[in-house]
Amino acid sequence: MDMSAGVIAGQAADAGMPPLKAQASELEFFYGEVQALKRVSMPVAANRVTALIGPSGCGKSTFLRCFNRMHDLYDGSRYSGQIVFQPDGVNILDRAVDPIEVRMRIGMVFQKPNPFPKSIFENVAYGLRVRGERSRRVMAEKVEVALRDASLWEEVSDRLDDMAFNLSGGQQQRLCIARALATEPELMLFDEPTSALDPIATANIEELIHRLKDKVTILIVTHNMQQAARVSDYTAFMYLGELVEFGDTNLIFTNPKSKRTEDYITGRYG
Amino acid sequence: MPYDAQAVRRLVARGKQWDKVFVIAGLLCLMVGVLTLALLLAGLIHDGAGRLNWEFFSNFPSRRAERAGILSAMVGSSLVMLVTALAAIPLGIAAGVYLEEYARRNWVTEIIEINVTNLAGVPSIIYGLLALSLFVYGMGFGQSILSAGLTLALLILPVIIVSTREAIRAIPGSIREGAYALGATRWQTVRDHVVPYSTGGILTGVIIGLARAIGETAPIITIGALTFIAFLPPAPLGAEFPFLSFEWLRSPFTVMPIQMFNWLSRPQAAFQENAAAAGVVLVVMTLLMNAAAIWLRARYRKRIKW
Amino acid sequence: MTLGKDDIGHHISQQYNQELENLRSHVLHMGGVVERQIADAISALEDGDTQLAASVVGGDLQVNALELNLDEECSRILARRQPAAGDLRLIFAVIKTVTDLERIGDQAERVARTVLELANVEPGRSRPPMRHMGDLARRLLNKALDAFARMDVAAALEVEREDMAVDQEYEAILRQLMTYMMEDPRTITWALNLVWAARAMERIGDHSKNIAEYVIYLVQGKDVRHVSIEERERRVQGDMPGQPPTA
């Protein structure tokens, strides 16, 4: 019983979803001639975690990167459709909207930790510098808050001037999370944040994501289904550039509506 | 199949023999290069060591071989290197950054890239001809340190551009994406990340370029460096206002390779000794610069591990 | 979505497919054993066959052992496979079904015990016909297991309806036996034993109904326990093929 994504999303909205932070409508994306996303419509609930799952090449990372206009960095990419961002109701894919402004409000954490070759402090403070912050005192305060939110403060408070590269993989990733949090974004995008980490570091970050919900809306791409099940409130299953099913995580993992979703979740399909 | 230990052992032993063959062959090839350099150096030192004393460094050239020194040549070389560096470094880095970060990938950029790489292969005397018409006569800088510096700057510009580009390319895209994702503009990314992280590679390229320039003779001769300079260019810092003077840029000059060439062409054996001594100094200067490049690269590699 | 019989396998892991297949066949095997227990107990009751009754009592050990094995099998699959969606519902349904099957086994044993008791008691009046009710109960179980095997919601719904017939027969027998007991107190021991036997069969019907409810949950993901028959059918009908979808 496959329903079109738009209808599913519509149903979700009617079925009493909390207020939305963003809504993608009929979003399409092209790398040159290749169409990577086909008419994707999906709500993003405010202060909730929404997970994107699907097999490799299904377009989940491509979809995620539309939210902060990362594709604009590379020639040959083209958007069609909308992503409306609340509370101002602006379509952030509009050419008239400056991608830099979008990235000021939406933060991103990448798959492989990518701290700058600078000190821990400078890493977290960079976002603030970019926004013109000059006061060392203000930066120090915000850096501490960000590091605490990222569950890293305890471990690094005594060596903020150490090089970031000296941290372990899990710590580096938390540093990258702190770096993104320091600028107080409204929406955080996580692109497979724990796929390069060991189980304990993964668990730490999942716990962290859970606590961050109160401050930020979170959209997370993961190829680990159990992680999606543990961490998210809503789950979207994508396949070959289409949104196949979207719904409450509990429902998706006990009784999904679409056979394709069922097959993927139960391991009947890679 | 039961495990045949003998056969496996024989196979491994044969492989190991080839290992030995290659190790020996490699060492021999390496020795050819190293020994040649060592012999050259030894020859130079043997011939010229006797002349290496304080006077040699502090005397001007003279018709009397025992009183001839390389002071003007060394000062000339240093000043020319200074001009070269000041001209080539900002130009080269800026060009490299532009080509890597800002230029769009179209046929115009392709042509520019091809030409930059080709420039590195142009014979240096051609640069001399260009400099003659452009700097010496066209812009009227005359046969001066300024002209020489600019000529050599053009010569080593491709080296700096290429090493800047290589250093920038070594920066993983994930770092750039990290900066952009935080809301940085392209300029902020270049200023705060791209250039600082490629400094190691850039510096290495700069030093290698300068080490090459210090030994260039043909273009300098072409633009008319004189061979018998018994004076120093005017000092840049003066006692009276304005304290900074640029007169030295327009001064005639000589450089180390030319001084060597001049001594070599004299029949007296004593002058040959002088030439050898100057050669030792030149080689040592070059080796020191290359060593500095290696040390810098190692130091930056420790801080930045991609 | 509705799970079909052919949807259970087809995992990429062949081993997992085999594990689930084994699980299902073990459940059906336990169901078969329990069915035979019921049949034997009813025959023993009808014929007063104490030997048969004794073997039923002994056979309950096998049922208990099967329950332990199946629970362990389920626990293993949960730990190692982290089943989701339809697979998760299958494990859930199996665990619950196994519990009910074991209880049914206990009820069959109880019937057998009453046969052994009755052997020492003077028979009272002509015994009320219990064979029919016993057969009804046994066939209910059979139908429920069949619905499980074929993942057939329609069959499961029938089981729930037909359980009412078992309940009605139980009421009738109870009334009759109570009349006997009131008329002649000397028949109380005899009658009470028959009441317990009848009650056991009524319980068997209830347990079979439970199993049918698990089948509906397995196939459609809808929990229809503790609701009226009308409500149950309404919820289920919505997702039957050929019907328009409901919320």
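Lettered A, B and C in written order, each chain numbered from 1.
Just so we're on the same page, a contact is a pair of C-beta atoms (placed from the backbone, for glycine too) under 8 Å apart; a residue touches a chain by one contact, two chains touch by 3 or more.
Keep in mind that this is a model prediction, so the values were computed, not measured.
By number of C-beta pairs in contact, chains A-B lead all other pairings.
Among the other chains, the CA centroid farthest from that of subunit C is the one of B. Chain-level centrality, scored on Cα centres against the all-protein Cα centre, points to A.
Distance between subunit A and subunit C, defined via averaged C-alpha coordinates, is recorded as 49 Å.
Centre-to-centre spacing of subunit B and subunit C amounts to 91 Å, using the average Cα coordinate of each chain. Listed for subunit B are no residues, as none touches two or more other chains.
Annotation for subunit A: no residues touch 2 or more other chains. On subunit A, the positions that touch subunit B within their shared complex are 68, 70, 73, 75, 100-101, 103-104, 107-108, 110, 112, 114-117, 126-127, 129-131, 163, 165, 176, 179-180, 183. Contact residues on subunit B toward subunit A in their complex (touch as defined above): 104-105, 172, 174-185, 188, 192-193, 197, 303-305.
Of all residues in subunit A, only 1, 225-226, 229, 252-259, 261-263, 265-270 touch subunit C in the complex they form.
Against subunit A, the residues of subunit C that register as touching in their complex are 1, 7, 10-13, 16, 82-89, 221, 245.
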